[in-house]
Structure formats: structure tokens, C-alpha cells
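The next part holds the structures, each set out as C-alpha cells.
In what comes next, subunit A is part of two complexes: it sits with subunit B in the first one and with subunit C in the second one.
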Partner chain A sequence: MDASSKPIFGEDINKETESLYKKEKKLGEGTYAVVYLGRHVKTDRKVAIKKIKLGNARSGLDMSAIREVKALRELRHPNVIELIDVFSHKANLNLVLEFLDMDLEAVIKEKSLVFMPADIKSWLMMALRGLDHCHKCWLLHRDLKPNNFLIASDGQLKLADFGLAREFGDVQRVMTSQTVTRWYRAPELLLGATNYSGAVDMWAMGCVFAELLLRTPYLAGSSDLDQLTTIFKARGTPSEDEWPGINKLPMGFKFEQHPRPQFSELFRGASDDALNLMNQMLLFNPTDRISAAQALRHPYFTNHPRPTEPAKLPRVQQPMAATADSEASGKKRQYNDAFDDVFADNEGGALDPVHASKRADLRISSPA
Partner chain B sequence: MEVFAPAYNQNIPVFSSDDDLCPQCRSRRYLNKQMKLLVSPCYHKMCADCVNNRFNTGPAPCPECQRTLRKSDFYQPVFEDLTVENEVRIRQQMSQIFNKREEDFKTSKDYNAYLEMVEDLILKRLDGVESEEIDSQIERYARENQKSINRNKKKSQQEEKLQQILSNQEQIKRKKQLEEYEKELEEERRSKEEARNSLINELASSDKDVQEIVKKNMIQLKKSSLRSRGTARKMEVDVEALLGTIDEEFGDDMEEEHMDTGPFDPSESPYAPLEVELRERYEDPNPAFRQGTLAAAGVTREMHQRYLLEGAISGLFALPPESTSTD
Partner chain C sequence: MTSTEETERLPQLFEQTSQYRHWRFTPEALEQLRAANNQQGINRVLDGLREEAQVDDEGSSETRITEATNNMLTPQEELQLVNYYLQMIVQTITALTKIYREKHLLRAEAINNIKATAINFMKRFYLHNVVFDYPPKSIMLTCLYLATKVENSFMKIEDFIRPLQDVEQRKGGKVQTKNDDILGLEFVVIQSLQFELAVHHPYRPAYGFFLDMQAYFEDVSQLKAIYDRAQQLIDTSLFTDLVFFYQPSQIALGAFKTAAKEKDIDIDTAYLAQRFDAQSLEVLFPILDEIQETILGFKIISKKNAQAIDRKLILCRNPEKNPNSKLYKKKVADQAETPYVSDSD
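Entry: the complex of A and B
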């Protein structure tokens, strides 16, 4: 291509990018996006094209689309979904993403598959490597759960759905606590923290680790308050010694006391080092909770057995087209709707009365 | 509080969805998780509360079709589609009466004719032909074949019992065999480790030729692995037959796992770490950390300082990315 035909204007660049990809078929549809299977015209590489719906022109582009583009432009790692290109078509924004046909949730739910300890170790290691990279780039994922861990055809696990991702590390700006799918939400979020760290992602990672061992969600609360109760029942109610400053959090009141049950009772068959790592990922005090980088240096990963090669990991026999790139499929919203419409607006501003009243409901007994 | 019998069997879960709606009081499962949606013999839905209200004083007409119903007529549905529910119930009822088996007939032709007749009756019922003729036909059959019906009923009860005992025994057997298998795997692992350790010890202590020692030990290692591979294979067949789920290459995988000892780093990353060294103390006028709220949420002073420092220097010497629009 000589210099004269090189596009200079944004519109022309956009047109050229668009011409590189062709859409083949629809894979799934969610509240804010439609996902198509596509191909790169020249290289024939399979891609997923995520078309962001602009249903509500008044409010402009969906916040999560902006978050996703912003986050993924910063990241490139074998264990993070690749954003290949972005182009607009008419009024729609199209994200060209790496095509991944399976998610970890489908694998966990396929009860005919047997997970060896080495398989779980391999998945967790890949997930932590991806997350460590995000945290090194000062990005929080904020929606880690099995169906946002996509699996490539070569078995590599990749973090996906950065629709709730945002930068962290700054203490000046307020962050919303209404984030992360409830079952994977860290206690500091449930207690209304408005600034938090990578520890929230590590809590979710700990829940996923437990889910890999149990084959069923570990902390499945039915409401936000119930989620806290579920956590306290499973991990014991934390004391002020264990989590200094808990009462200074917006919703840190006195809670019903639950004793701490033995981990190994529920997780029979899990090795001691696995339980030790999981315990550190699910510590109440976020300052004490293990970070992704520290977790990767935990003896669990270097002890026997060696993590399974990605290509040899158990797979779902028939990948469902509908769950391909499930981040946009409707099913995600089933237990996501609790904060669906909230997360974008609360950031930086005062809480609206609806959520303020929710907070009041959470109170069991306020300290004298 | 009375108990509404779940349909058919305790083991089958009752169908329920968030969209369930009682047509009488319009309450929804979405708002009332405990709602029990029951079905009448005329296949009309109603929640347990409505049933209690309406039928507490005795039989009353169905609000939809005016058929006279009692509280005990209602049951919990298993299937979402009530026509399927209907068919399954009718077949269930019919199989109580028409329970003859193949061995009760002299020829398979007779048996086929019998099956044909039963199927005809079921289909007529399904079509809603509730004429007295069919009812009387069924009744007549039941009366005439009272003996054989009772006999077959007893037979199937006995068979069920036997099946249960057998499956219990089978489970115990499976458990035992699985335990033995796991024990063997563990032993194999241990013996290999010992062999490896002795190789290392020998290498460290003796002054023989290194290559000779390695060769000798490799042969030994291989031998033992071959032997254990054989036993693993044998056991694999048994366990697979028992569980039916274990991967065919299970044994091989375990072998490879032990053989593959190439080094790997769990915290491996395609990026070089950004070297930032924090000083012990900074003059930090930021009042945010004084209250302790941030620390309770996991935001530490150290993390914040690292963030600011890294933000100041990261990407300083990075090359601009290759533009995708130029070749």
C-alpha cells in the first residue's frame, strides 16, 4: 500500500477496518449487545463481533461498552480476551474480539466430566495469571465468575467481559459498591465500601476456586443481606480483631455471630495446600487477603500434581453456540440484574434514595 | 397445614418457574417464592392458598370449568406442559390396571394385541373422550382380571425390593474398589519418588561414572513404570466399568504427569515486572488514610503510593504501538 492510499481521516480508517471483517451468523443476544460469529476477510481467522445496541440514544453509548473498550485496549495477555479491533457502523459500535466457544460455567455444569486436582490447578493458574496482569495494569475486573472465564479451542482460559472493569489505586474518586455478581461479591463491597482494591477480585476468584471443587456455587445468597449472612455462616462472623475497621465501613454494624466451620468438612478430598490457598483468598480483611501475584507463588502451584496442560483439560463435547462469548448472552443477566442499572450512575455521586433505603434495611442493630 | 401429595414419586422434583402465576389470586412466584401451584384433575392451576380458601368447607365447583372438586384432588405438577402431565397421569393410572406382562401370554401376537388395546384406550382418554363406555370397559377388565392384576402388582413390588438391595451392594463394592485403586496409585507414586531420590543420592555420593548411574537407574525407573502402567490399565477397566465416566487415557495421563518434569513458573508473564521501589516513608498530605476506612476496604497507603509512582514512570520508554491501518 503506498502512501497516497493510506487513509488519513478517522472515517476512512473506520471504513477500512469494517471492510476487514464479515459477519457470518448470530451467536447470542443480551441486554446491551448482540454477538456475531465473524471472520477476518484476509486471514480467515474466526472472530466474535460484539455489536453494542444503541437502544437509548438519549443516554448515549452504554457505559459498559465504554468500560470494556477502555479496559481491553490496555490489556494484552494470553489469559485475557483479545480486543482485535473496534469500528462503528452507522450508529452502532462493533467490538471485534477473539472468538472463544466455551465458558468455564458450562464445563462445571457438565456433570459427566470428572475434574482431576491437576485440572482445577491449571484453570486457577491461568485465571490468576490473567487477573495478575489486570491488577498490574491497575485495572479491576469486578465481575469475575465462571461464565466470564472463556476457554479457547487450545484450552487456554481467558478473562472476558470487562463491562464492569475500572481503574483502581486512586483514593480521590468514589467507586460504586454495587458491583460484581452477588454470589462472588466480596464482604467489603457488601458492607458498602466506596473505595477498594484488587482484593475484591481475589474474593471472587476464591469463590470460583471453591466452585471448581464443589461443582456448585459456594456462597449462593438470595439477596444482598442474605449474601452477607451466607458468607458469615460459611466463614464465621469476623471480629474487629480479624478485620480492623469493619465498623467504619458504611454498613459495618453488629451482625449475628456465627461460628467458623471447618473448611475441610465441606471440601473433602481437597489437598491441604489447596485449602490453605483458598482460605487466604477468602479472608475477610481485604488487606490480609492474598493478591494474585502472591497466590501464584503459593506452594499449591508447585506441589504435586503438576497443573494439567491446557490442551488436555476436560472440555464440553458440544460447545453451545448460544453460550459462545457468553458475556452478551441473556443468561448472564439472570442473576446480574440486581445491579444492572445501578453501577454506571452511582460512581462519583451520592447514592440515590432507593439504594439509601436498601442500606437502611441491611441494618440489624446499630452500635450504641 | 395439610400436605399436598407431590405427583407420582417423592424423588421427582416438582416443576416450578419464576413466571408461575396463580390464575385465581394473581400472585406470582417471583414475589412469593413459597407459592405452591397445584393442579386439579381437570387441569386447572391454582395456588395452595386459593385451594385452601375455596375447598376448606368441602367440595366446591372448579372456578374454570365448574366441575366439582375436593381439596384432596389437587396435586403438584411435575411437568411444565399440562398435556404431558395429563398423559403421564393417565398412563400411570392405566398401568395400575393393565399390568400384564409378556410372560402372561402364550404367543407374542396375543401380547401385541393386548398392548394395542391398552394403547387404544389410553389414546381415547387422552382425546378427552370421557364416555362411560370406556370407563365401563376398563372397569369390566379390572373386575375380570382382578387376580392377575394383584399377582403382577406383588411381583413388581418384590422386583423393586430386590433391585434396591442389589444396587446397595453394588455401591458398596464400587466404593471398595475405588479405594483400592487410589491406594495403588498412591503406592506407585511413592515408589517412583523413592527411585528418583535414590538416583539423586547415588549421583551425589558415589564416584562412579555419571552416565552409567543414570542409565542404570533409568532402566529401573522404566521397568517399574511399565509394571505399574500394566496394573493401572487393569484397574482402569474395572473402575471405568463401575463409574463409566473416567477418561480412557486416565492411566496414561497419570504416567505422563510424572514423566514431565520440565521447569515451569506459575507466575510467568510475558511482561517484565515494573521495578518500583517504595521508600520507607513519604511526606503524604493526603488526609484520606487517617480515618482507617480505606484500610478496612483493602486500600492501603502503600498501594496508593505504588499506584502514583508506577503511573508516573510506566510506559516512559515504551515504543509506540504499530498502527493497524498502515502496512
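Entry: the complex of A and C
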């Protein structure tokens, strides 16, 4: 290695990285970060630069920034957002991410679009591939929901927002149950489990699958307790047989008994194999719940119809500039009410209240 | 970790990690890097002193430069000083653990990871920095605090720093460690780590081997004794450069083999020959021997030795990076006046 041409010192490497990108315009702003449209000065590649503000962080770098950088630096997969580079400037951390201008939530909400069964299969397959890669790398995403699945211009779906991601697999290490946006939160988390696995992400994935079929959130509880009731009403209260040990979970108590409804009545258009897979993703017992790798081998994906090619999937027509402007004005940001208590980093430590209120979701673009 | 059926066709997971992709060296390349680093660092010190001479009219700049030149640390001295402070990381976390274990701020099972990650951060840091710019004494605490966050054991900076200040007070000195000393260097550290924060250690593979070996040994208590000793050897391995040369699982196995040998127990035929084919063993054995030699050959850096180097370092610090220097203060003042261009949008 030629020492004179390549910088050795950390700050020189950082400066060199910074000089590779230019910011073009602001796309959106939250309390936690600002997102810019940017370009690589040499290749002209379009990128999104997420500038994480740390100005007033009392304990320095924020946990969600650390988690996101730590996870994305390791993951490389066509269905996971690419973290191209990272650089710091003064007290700002800048993540250079691949530019993705649409998310699945916007597509689901655009009622003028008609989803064919093959489209849903295609999105779900890409989402599961990305998730399977995370789980193989022993990483939990812990915040899967439609607006964390971003969509590239070629139609590829990508997992994004790794601010709650962490490694798993060590049974001795306690994890917080206060994670995942409520409507997508697995029943074991709602019951306070502190040891869990990829099954929590699979539950969320099952909810997203249902939402693709229904075009509306499937299990929309209004509070944590109501969330469980909502789940039990929709899925039937689990018996001790179905979920052995349910009474041993922290905070566990007796629930109202709800009968199991006929799923095929609610999901009228869904094929049997689709319903079968969805039901396996939404099993109460986390150890029975299907894994991402198993789900990808489910007959649903090999049966007719073939998944739609990504480039041919329905898209939302939205001029970038319009959404960017409305986001920048600060009024347009949509939070679903399930978001309020999603942030927690108190595993083995006290939750810093500043962080809890500071964390804000930020999309590069939001539904028009 | 990769033994499930569907991962076997894919590249090894470890090969996809940043640790494998960016933080692996041959011993020769590592030595060259440190030497080049040291040389460029020395040039920076001299540049800084010359620049300071223009700011500072008191005292003779010639004397300062001559003094610095005569006391410049060699790459070996730099390394020894860093290694001494690696040992201090262990001492610090041990002290913190005693205080916080009951309060569940630091969980026992997280300690090894925090310790090993902090040590690794510091080792990586000095592949992209010199002690002339950033003395290890200050970098050490930033690495440790960053490691608590990276290993999911967040604690507030006040909680982290209070016990350290208490110690300083008990020793009768004034309180020197401040929040800003640690946080102010966080970006300096994280950028030198190239923002790659996930680090893999030999502890987990060692536990995996311990479980796996139970199928091959009748006497589990004997195996447990080997495992306990192997963990101690892994503790030692953290201070060495093995992490830059070998994979965590190799270091773990090397520690096991060393521990077994010490206890006169044969794991070569009883375990290794059962689990690996002859061809793999041919590659593996020299690696394990090398690991054994490095771990057993490791020597603690004495406080006396470190103090002597620290005293030299006072004379050859880069004023550009020294918060107490006039040059540094002037630069900070100048910087505050110039607005940052790309933030204006």
C-alpha cells in the first residue's frame, strides 16, 4: 500500500469520504435527523444523506444512531438498504444511504392501485429475503412495518430504519420488550418477554402480509393492553396447548376468551396457500412460528402465480419535489398513533427520557 | 454459528463482517502500517511545533523542537504505551462492574463483550492515529464508553464518570475526568474506527466449543476446568495482535488447545481429529500453535515502563491536537468565527 497516496489518519480518511459527496437539497427534517438528496461527486450517483443531529445529546452519540450504523455497516443484501458511506462533520453524523424514493405504506394507501396476488407475493418474497439475511447475521430488526420497507426505482423492496436493530442469540442477555411499533408487535413482547428471537420480526411480517391483502392495518390496537385484546379478537385467545408457558411470562394474567374467527371470511381474495403461510407467521407460540428461511420455502412461493418481476410492480406516482417541500415545511409528517412508545434503549441501562422524545421517524418521502 | 443447512452453500458469515473485510492484516503489513503511521505522526508533531512557534513568542521554539525530536517515541514505544492503557480498560471496567452490577446497569454477561470491544476499538484506533496526537489515557475512556453503547449496555455519561471521579477524589487529587473529555473524543474515535462498530470476540465461539466438546469427553468437570482456563487465555489474547491475524473461532480453539495442554489432556485426537479432516488439521495446527505461542509469550506492560514513556510523550505531543497548547486554543477560536458552508442550506 502506498502510504503517501492513501490517508492513514482517521480524520484524513473522514475528510476524504466527506469530500466525495455533495448535498443538493433538503428532503425532509425530523427532530432527530435531516435528510438531504445528495450526489457522489465522481460517479454522480444519487444518494440520500441522513444527517443525524447530536448537538444536544447529553450522553454523546445516541443509541439509535449507534444501532443503525452498527447494523448497516455489516449488512449487504439486495433487499436491505445500502449504507454506502459514513462521515462525521463537527457534531453531526452523516449516513450516506442509497436513494429510495418510495415506501410500501404509500403504495398500500394509494387506493387507485390494484394489487394482484402475484404483486403481493413479490413484495413479501423480497421482504423475507432481506429479513432472512438479517437473521442469518444474528440481527433482529425490531421495527418492521410498511413504511420501513422502502422501494427502489427498479422495484426492489429494501428493509430500512435499523435504529432499533440489535444482535440476538445469547439466551443470557436480556432484551427490552418495549420494541416494535405497537400494531406490529408480537404477543410475547406485549406480555413482557425479555428473551426473544427472529420470531418477533416474523410476527410483524405476518401483519404486513395481512395488510397487503386487506389494504388497511390488520391489528390496530389503541393501547398496549388493547393491542393484545385486538390480537385475541382477530386470532382467537390462545390456549395453554397452543402456547405452553403463556402463564409464566412476566405480567401475564387471565384474558377474555375470544373464539377463533374464520380467516377466509376476512381475507376473501386470498388463496389457501397464502392464508396458510400468513397463519404460520402469526402463530402465538414463538417457537412454532415459521422462520424467514422456512417461509421462503413455503409452497406459496412456488405455487402459481409466479411473483411479479420487481420492475413491473405497482408504483405510486409522486413527484419528489412536492413531497420534499411538504416534508420540509414540517407539517406533513405522518405518525401513526402506534408510534409513541416504540423507542427504548434501556437494556441493561436506564432509559434516557431525552432520547425517547427525541427519536422521530423520518422518511425520505412520505405518502402524498 | 453457520451450521444450519441453508447457510452452507453461501460464503461464510464471518467473511461478510467488517472485521474480516477491513481489519485483517498479515504481521508484516501491520508492522509497516504502524511504522508509516509513526513516521507521519512525527512529521505532524514537527509541523505543529513550527506552526506554534508563530503563535507563541515566549520561549525558544528551537529548543522545543530539539527536545521533541530527541524524545520522539518509536513505533514500539507507542505500542507499549497503548498496551498499558488496554490493561487499564480492564481495571476500569472491573471497578465499574463492582458498583453497577447490583443496579443492573452493567450485566455480568455483558462485561466480557464490553471489555473486549473497548480493547479492540482502542487497538483499531491506533492503526489510524498516533499517541502524539491523542494520548491513550484520554482515548481509553472514550473507547470504553462507546463500547458500553455498542454492546447494548447504555448508561448515562454521569453514571459512567462518577465512579472514576470518586476514585480520583479518594486518591486525594482534584477531579480531572470530565464528561466533555470523553464525549469530545467520541467522533474522533468513531471516525477512526471507520464507523465499523460490530466486533466479534473469541468468547462466544469458546462457549460453542465447550458445548460441542461435551459430546466427546466423558468427564465434563475436567472439560469445564479447561474451558475456564481457556477463557483466561482469551482475556490475555485481547491484548495481543491476534485479533488482526485470526478469526475469533480460531483464537478460541487455540486457547482451548493451550489450556488442555497445560492440564495434560489430549484434545487433538479426542476432539480435533474427530471434528476436522486431516487436510484441515494441516492448516489448523500451525495456526493454533501460533496462537498459543503469542498468548503465552504475552508480557504485561509495567506501570513504571508506561510512566517513562508517558514522560517522553509530554515533550513530543502534537500541539495542534493538545487542548492545553496555545496553537490549539487559537485554532478553536479561529474556527468558531468561520461559518460552515455546507450547513447553510
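We adopt the following convention: the second predicted complex is superposed on the first by the 316 of 368 C-alpha atoms of A that agree within 3 Å, B and C clash if a C-alpha of one lies under 4 Å from a C-alpha of the other, contacts with A are read in each partner's own complex, and residues count from 1 in each chain.
By our rule, a residue touches a chain if its C-beta (ideal position, glycine included) is under 8 Å from a C-beta of that chain, and two chains touch if they have at least 3 such contacts.
Since the model is a prediction, treat every value here as computed from it, not as a measurement.
A.B. asks: Looking at the overlay, what does A:R129 touch: subunit B (first), subunit C (second), both, or neither?
C.D. replies: first
A.B. asks: Could you say whether A:I246 touches subunit B, subunit C, both of them, or neither, answering first, second, both or neither?
C.D. replies: first
A.B. asks: Once the shared chain is lined up, is A:S88 touching subunit B (first), subunit C (second), both, or neither of them?
C.D. replies: In the superposition, A:S88 contacts subunit C only.
A.B. asks: Would you sort A:R173 into first (subunit B), second (subunit C), both or neither based on which partner it touches?
C.D. replies: In the superposition, A:R173 touches subunit C alone.
A.B. asks: Touching A:M63 in the superposition: subunit B (first), subunit C (second), both, neither?
C.D. replies: second
A.B. asks: Name the contact category of A:E16: first (subunit B only), second (subunit C only), both, or neither.
C.D. replies: first
A.B. asks: Now for A:P261: first (subunit B), second (subunit C), both, or neither, which partner does it touch?
C.D. replies: neither
A.B. asks: Identify the partner contact of A:T302: answer first if only subunit B is touched, second if only subunit C is, both if each is, neither if none is.
C.D. replies: first
A.B. asks: Per the definitions at the top, what is the overlap between the subunit A residues touching subunit B and those touching subunit C?
C.D. replies: 1, 13, 136, 138, 170, 172, 293
A.B. asks: Would you tell me which residues of subunit B are touching subunit A in their complex?
C.D. replies: 189, 245-247, 253, 257, 260, 264, 266-271, 273-274, 286, 288-289, 291-300, 303-304, 306-308, 310-311, 324-327
A.B. asks: Touching subunit B in the complex: which residues of subunit A?
C.D. replies: These residues of subunit A touch subunit B: 1, 6-7, 13, 16-17, 77-78, 85, 112-114, 116, 118, 125, 129, 132-133, 136, 138, 168-172, 188, 193-200, 243-246, 248-249, 252, 285-287, 289, 293, 296-297, 301-302, 304-308, 312, 314.
A.B. asks: Can you list the residues on subunit A that touch subunit C in the complex?
C.D. replies: 1, 3, 8-11, 13-14, 22-23, 25-26, 36, 58-61, 63, 66, 69-71, 73-74, 76, 86-91, 93, 136-138, 166-167, 170, 172-175, 293, 345-350, 352
A.B. asks: Where on subunit C is subunit A touching in the complex?
C.D. replies: Touching subunit A: residues 1, 4, 6-7, 13, 16-18, 29, 32-33, 36-37, 40, 104-107, 109-110, 125, 128-130, 133, 145-146, 148-150, 152-157, 159, 182-183, 186-188, 190-198, 204, 340, 342, 345 of subunit C.
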